[in-house]
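Two complexes follow with subunit A in common, the first pairing it with subunit B and the second with subunit C.
For the complex of A and B:
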């Protein structure tokens, strides 16, 4: 695990640089086991920074999420770099964003964190409810060690780890300027067994399954906003003239919303799982995204967000591309 | 008249009795607790903490058709809320009922909102006291509420183990007690006293708090304070904190027209955290970033609302804290307001 002193030292060095405007990392949350994003502007602000298995957020989203006001006449835009801490999975979002030419590589400074898994906070809070004072989580071998309210609990890794970590192919960031720890070798793989199970169901079964889920959707758009690949300056959902998608919250519009989003992520989703993590009504959105991910890998031998040199899937064409699925 | 109790064995038949009305109760959708209209008493899930989405949508639907029209025709087919009929919301938490009484002030202020008010008139609220605070982030007692609070409720149920203590609070509540009389029995004489003790005990278990004294007056003085940048830096601009808030009541009105020209004018929840919420037709946006939007959310709840209606538009249910994807915590923000 990353040594916290080393992490803060490195952060101090980075935010002190003249060409760095901001560093995005993690700091402890306001209660219990939570951690939250930290926005560090100067060397005197690094002392809160941490990296632990509670650091679930994909900070790559903030690179494109930042709102930039028009630069007043006579002033120069601030072109200094944004430094960002990323885990293996999160780094793929940066790679994919850069593949799509969302910004230039030299606009960001990447501090890579090799990672052996983060927790599923919902599982942690279900297991240890009502923890208010700050609790710590560490990964020691194959156990999470949770310290809170003067006690120490050990829990097997697989009981609290986020599902995505159980099939993580890229524990070490794929793009970085500096790694903050020893690289971690691939220790898991993805057999898509969950997707295969869903594929086997009948159409009627699948519809009943998704109808229940989509009918709960409140269209808060947290799945879109947290998504590092949803960075269109002008989202089709926000358009009122013409209104491409209705605001009405009902099963029909909700379904149209989620299917549209899944299609927009085909060949682009890098499986950070943030959409599903943030959903307040537990819609298993990654099941849709993973179906596309599996299809893309099987059909085109392509994995999004794995190399800045790769062109985005949908901007490539080979004469022998599979097309037998076209009706 | 003796205080009544509803045996847990008879909850099913009581709900069956109530299903002659539009009956809303907490129910499970997969593992998520939501309020929904139930026809089968077995669907009700009363042993819950609190629902993810508050029951406000049964007074103020997320999408509501106000009237239907045909493009080119002057005729309108107006909504008649009366058709929805008498409604009973069964088992909501005291904070969510109190929230409704707070929102009532807005919808009956400069304009009497006929849809909302008619629906409220038709609705009876049956609360379920929080014998245990449902969440570590509950702070209702800081806002004048209580886990056993009765404000806004017509009837309060308290889980006494094998049965619920039934306490009607208003005429509507008394009427409902009559409707249910065949399923009720006399409660032990000292139960009300016992419930008072349980209320104190539950209040004592609420661990988060804020002293709101002075906050409504202080907030306007912090307009340009750098704290807003700090507390909003991580904000994603999603609608979780507002849509899941039992007192948030902002709406937008839009026309939705089908290809054949059949249309409907809808009112739908809007969120001040959305970018286009204050976007002007000119392209100018007076709240251009999440800093201004976050500032507005806090100011609206803790300053504008109390200055107009003498009550803070927050009931301390803790949903916005529990479900914010980036741990933006309203009590953390208010602490910074106090310290600023």
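For the complex of A and C:
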């Protein structure tokens, strides 16, 4: 795990630089085990920064989320870098954003954190409910050590770790300026067993499964807002002319929403699992994204967010792409 | 399905202006008889067809959707149909994953001289949709207040 003193020292050094405007990192939350994003503007603010397995947020989202206000006349735009702390999975979001030319590499400064897995907060809170005092989580060997209210509990890694970490292919960031710890070897792989299992069911069965999930959706758009790849300035959902998806909450419009959200991430989703994490009604959104991820890998041998040199999947083609489905 | 034997599906077809639309036109001028379930929408290229079109057609009461363009290599805009092919393949697999039968969303290459092929394509699509019955997964329903 990352040494917290080293992390703060490095953060201090980074935010003190003249060409860095802001550092985005993690700090402890208000209660329980949660961590929250921290926006550090100066060297005197670094003392709260942490990195623990509770740091689940994908901070890559904030780079594109930041509103670009018009620059007042006579003023120069602030072109200083944004420094961001990223885990392996989050770094792929940066790569994919740069692959799509959302911003240039020299606009960001990446502090990479090799990561052996973060917790799933839902699992933690199911196991240790009502922890109101600030608690801490650390990963020691293959156990999570949770300390809270003067007690210390050890739990096996498999019981609390987020599902995405069980199939993480890139634990070490793929893009970084500085690595805050030693690189971690790949320790897991993805066999898409969940997707292929659902694929094998009959059409009626599949629809029954998804109908139940989609009918729960309350259209809060959290999944869109948190997604590091959903950074269009003019989102198709907000458009009224033409209005592709009506705002009513019914099965038809909900399905339309989930189709278009998932399709917009086809060949772009980098499997950070943020959408599913923030969903208030527990729709398994990653199962939608992973279907595209699997197809894209199998049909076009393309893995999103792995190389800045790759052109985006759907803006290229090969003459000999598969076409056995065409009449 | 026996109870669907008199079911007449609505098929929305997006045809590219340069090949498939002309192909369908040729089928008409040659007086080739083909099922009348298809409603043609002319687009300038199969690459113009946004996956949202497909989704929206199914929402608004189409039982099947057909996208048809020029054969690979024949695109009037050089590459539009190659892009369409990639997009459509992903869309089709995804809709199948959600439980929409794969017979409902089809793609074909029909050139301007292939009036006879157009007939075969339409027959195949209509029969496929008749087999799976009316679209009832996520059709937009009229609310009775």
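Basically, the second predicted complex is superposed on the first by the 324 of 327 C-alpha atoms of A that agree within 3 Å, B and C clash if a C-alpha of one lies under 4 Å from a C-alpha of the other, contacts with A are read in each partner's own complex, and residues count from 1 in each chain.
As a working rule, a residue touches a chain if its C-beta (ideal position, glycine included) is under 8 Å from a C-beta of that chain, and two chains touch if they have at least 3 such contacts.
All of these numbers come straight from a predicted model, not from anything done at the bench.
Engineer: Does subunit B (first) or subunit C (second) touch A:101, or do both, or does neither?
Structural biologist: Touch status of A:101: no partner.
Engineer: Quick check for you: in the superposed arrangement, does A:61 touch first (subunit B), second (subunit C), both or neither?
Structural biologist: first
Engineer: Name the contact category of A:300: first (subunit B only), second (subunit C only), both, or neither.
Structural biologist: second
Engineer: Please work out whether A:251 is in contact with subunit B alone, subunit C alone, both, or neither, and reply first, second, both or neither.
Structural biologist: second
Engineer: Quick check on the superposed pair: does A:322 touch subunit B, subunit C, both, or neither? Answer first, second, both or neither.
Structural biologist: second
Engineer: With the two complexes superposed on chain A, say which partner A:220 touches: subunit B (first), subunit C (second), both, or neither.
Structural biologist: A:220 contacts subunit B only, not subunit C.
Engineer: Touching A:208, do we find subunit B (first), subunit C (second), both, or neither?
Structural biologist: In the superposition, A:208 touches subunit C alone.
Engineer: So in the superposed three-chain picture, is A:282 touching just subunit B, just subunit C, both, or none of them (first/second/both/neither)?
Structural biologist: first
Engineer: Give me the intersection of subunit A's contacts with subunit B and its contacts with subunit C, in residue numbers.
Structural biologist: 250.
Engineer: Could you pull out which subunit A residues touch subunit B in their complex?
Structural biologist: 29-32, 34-37, 39, 57, 61-62, 65, 67, 69, 129-132, 212-213, 215-216, 218-222, 224-226, 238, 240, 243, 246-250, 274, 277-278, 280-282
Engineer: Which residues of subunit C touch subunit A in their complex?
Structural biologist: Counting only subunit C, the residues touching subunit A are 51-52, 55-56, 59, 72-73, 79, 82-83, 85-87, 89-102, 106-109, 121, 124-125, 132, 137-141, 143.
Engineer: Hey, which residues of subunit B end up touching subunit A in the complex?
Structural biologist: It is residues 29-32, 34, 52-53, 62-63, 136-137, 207-208, 230, 233-234, 236-240, 243-244, 252, 254, 256, 266, 268-269, 271, 274-276, 288-290, 321, 323, 325-329, 331-332 of subunit B that touch subunit A.
Engineer: Which residues of subunit A touch subunit C once you look at their complex with the stated criterion?
Structural biologist: 195, 198-199, 203-211, 236, 244, 250-253, 255-256, 259-260, 262-263, 266-267, 288, 291-292, 295-296, 299-300, 313-315, 317-319, 321-323, 325-327
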